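In what follows, chain A forms one complex with chain B and a second complex with chain C.
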Partner chain A sequence: MATIKKLAFVVRSLPYKTEASRLAFTHAIASQTVEIYLEDGENIEPVLCFIGNGVMNCLKNQQAMKHYGITSNEQHMKNSLLLDLKVMICKEDLDKFGIKEDALIMDAEDIGGETKAQIVPYSEIQKELEAVDHIQLF
Partner chain B sequence: MGKLTIGCFSSLVGSLSLDFGVKLSQAAVQKGHTVDFWVSSNATMLSKKGQRAFKDYSALAKPLSELFATGKFKATACEACAEARGYGKEDTMEGWIRKSMDWYLASAFSADRVLLMGGD
Partner chain C sequence: MKLGVFMSSFESGSDVLDRLTAEKLGIILVGNGVYHAAVKDSGKESPIFKKSANFYVLAEDLESRGFNASNVDSRAKVVNYGDVVDLIFNDYEKIIWI
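Up next is the complex of A and B:
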């Protein structure tokens, strides 16, 4: 029987100010190769949740490569969606900052992704957090 | 007995998060639990060998060696994070493992509790 453990990566940090939000992406994406350490039928299911200042990580048109010569969190977001990771963005926090959906990276269609990010009320994120095995705050 | 997985991103010098993580590991091991300790980002500094102990700075090489000796403590550093900071395999303290981030997730899979201490 398959055993899937759900891990929540809750991002509260601003992009680029620290490495934290980038680490949330890279650790969550690492779930794609975790099977090499696990038994048959075991796996990790990550969910990325962006709340508070963390919603800024989801903004389009990030210019990290241009200004710092590093990959942007936008690219990591797209890679997460390309890999079908569940991505939830807190609606109340977007409203608080006046950020509209068209300013956000909602899909990775340009690189062949089919999964879309979800803008949801915090209550849905809370429900998700109650259902996971481990929560990690970034 | 249980298994505790601790992840940390904070630097050895400039924060006491690693000190806390190591103290927590000691307490857990003393109670008979096992601990997987994962460091990424600036916390990979903890795995650097040749650290000199000054009273003004955190010095954790000795308690780490004692933890390794118990056989109930594993510490792994993110290889990419360490290499990005110029810490090569040859710079790594005895007892440490260097792996990619999937090692941490696999450790979390079988952990009874996971504690992540972020960076600053």
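Up next is the complex of A and C:
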């Protein structure tokens, strides 16, 4: 019987001043590469959740490469979607900051991704947190 | 005194900022401090704008986070690194970082 471990990577940190939110992306993406360490039938299913200040990581047009010489969290977000990671963005926190959907990275179509990010009420994120095996807060 | 205050956090810094007085006060928003000028939390402007000060926002940090000058509160002037160096050397005698 297949055993799926669900992991939630919850991002509440602002981007760039610290590595925290970037680590959430890279850990979530890396969780897709651990298959070689797993037994047959085992798998990992990550979900990325953005709450509080963390929703700022989801803004479009981040020019971190231009100014800091580093890959932007925008690119990490797109890579996450390209790998079909489930991405949930808290609606209440977007509303709190007055951020509209058109300001957000909702897909990775430009690099061939098919999965879209979801804007959901916090109650949906809460359900996801209850369903996972492990929660990591960044 | 002429005091320049760098703010690199989205926290209000009110424990220090509320008490500061200066003949000329400049608040320079860098790093995550740019959010004070670029977003309204729960529809409210950042409390830092209650201070009587000249406000500046570093363009590089603004743009890295997905914003541009059109997102910035009109009381804040968007400046680049060169402008910040000029502010430090020409406009403010003392500089602190909160």
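Everything below uses one rule, namely that the second predicted complex is superposed on the first by the 138 of 138 C-alpha atoms of A that agree within 3 Å, B and C clash if a C-alpha of one lies under 4 Å from a C-alpha of the other, contacts with A are read in each partner's own complex, and residues count from 1 in each chain.
Throughout what follows, a contact is a pair of C-beta atoms (placed from the backbone, for glycine too) under 8 Å apart; a residue touches a chain by one contact, two chains touch by 3 or more.
Keep in mind that what you see is a predicted model, and the values were worked out from it rather than measured.
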Field: Superposition on chain A - do chain B and chain C clash or fit
entry: fit
- prompt: Does chain B (first) or chain C (second) touch A:59, or do both, or does neither?
  reply: second
- prompt: Which partner does A:116 contact after superposing on A: first (chain B), second (chain C), both, neither?
  reply: neither
Task: Measure off the angle at the C-alpha centre of chain A toward the C-alpha centres of chain B and chain C in the combined model, and quote it in steps of 10°.
output: 90
Message: With both complexes overlaid on chain A, does A:100 touch chain B (first), chain C (second), both or neither?
response: neither
First (chain B), second (chain C), both or neither touched by A:67: second
Message: With both complexes superposed on chain A, which partner does A:19 reach: first (chain B), second (chain C), both or neither?
response: first
Message: Touch test for A:138: chain B only (first), chain C only (second), both, or neither?
response: first
Statement: Closest CA approach of chain B to chain C after superposing, in angstrom, is 12
- prompt: chain A touches which residues of chain C in the complex?
  reply: 8-10, 31-32, 35, 39-43, 60-61, 63-68
- prompt: In the complex of these two chains, what residues of chain B are touching chain A?
  reply: 7, 9, 40-42, 100-106, 108-109, 111, 113-114, 116, 118-120
Query: In their shared complex, at which residues does chain A touch chain B?
result: 5, 7, 13, 18-20, 23, 26-27, 30-34, 36-38, 42, 44, 46, 134, 136-138
- prompt: What part of chain A is in contact with chain C in the complex they form?
  reply: 14-17, 53, 56, 59-64, 66-68, 72, 74, 96-99, 103
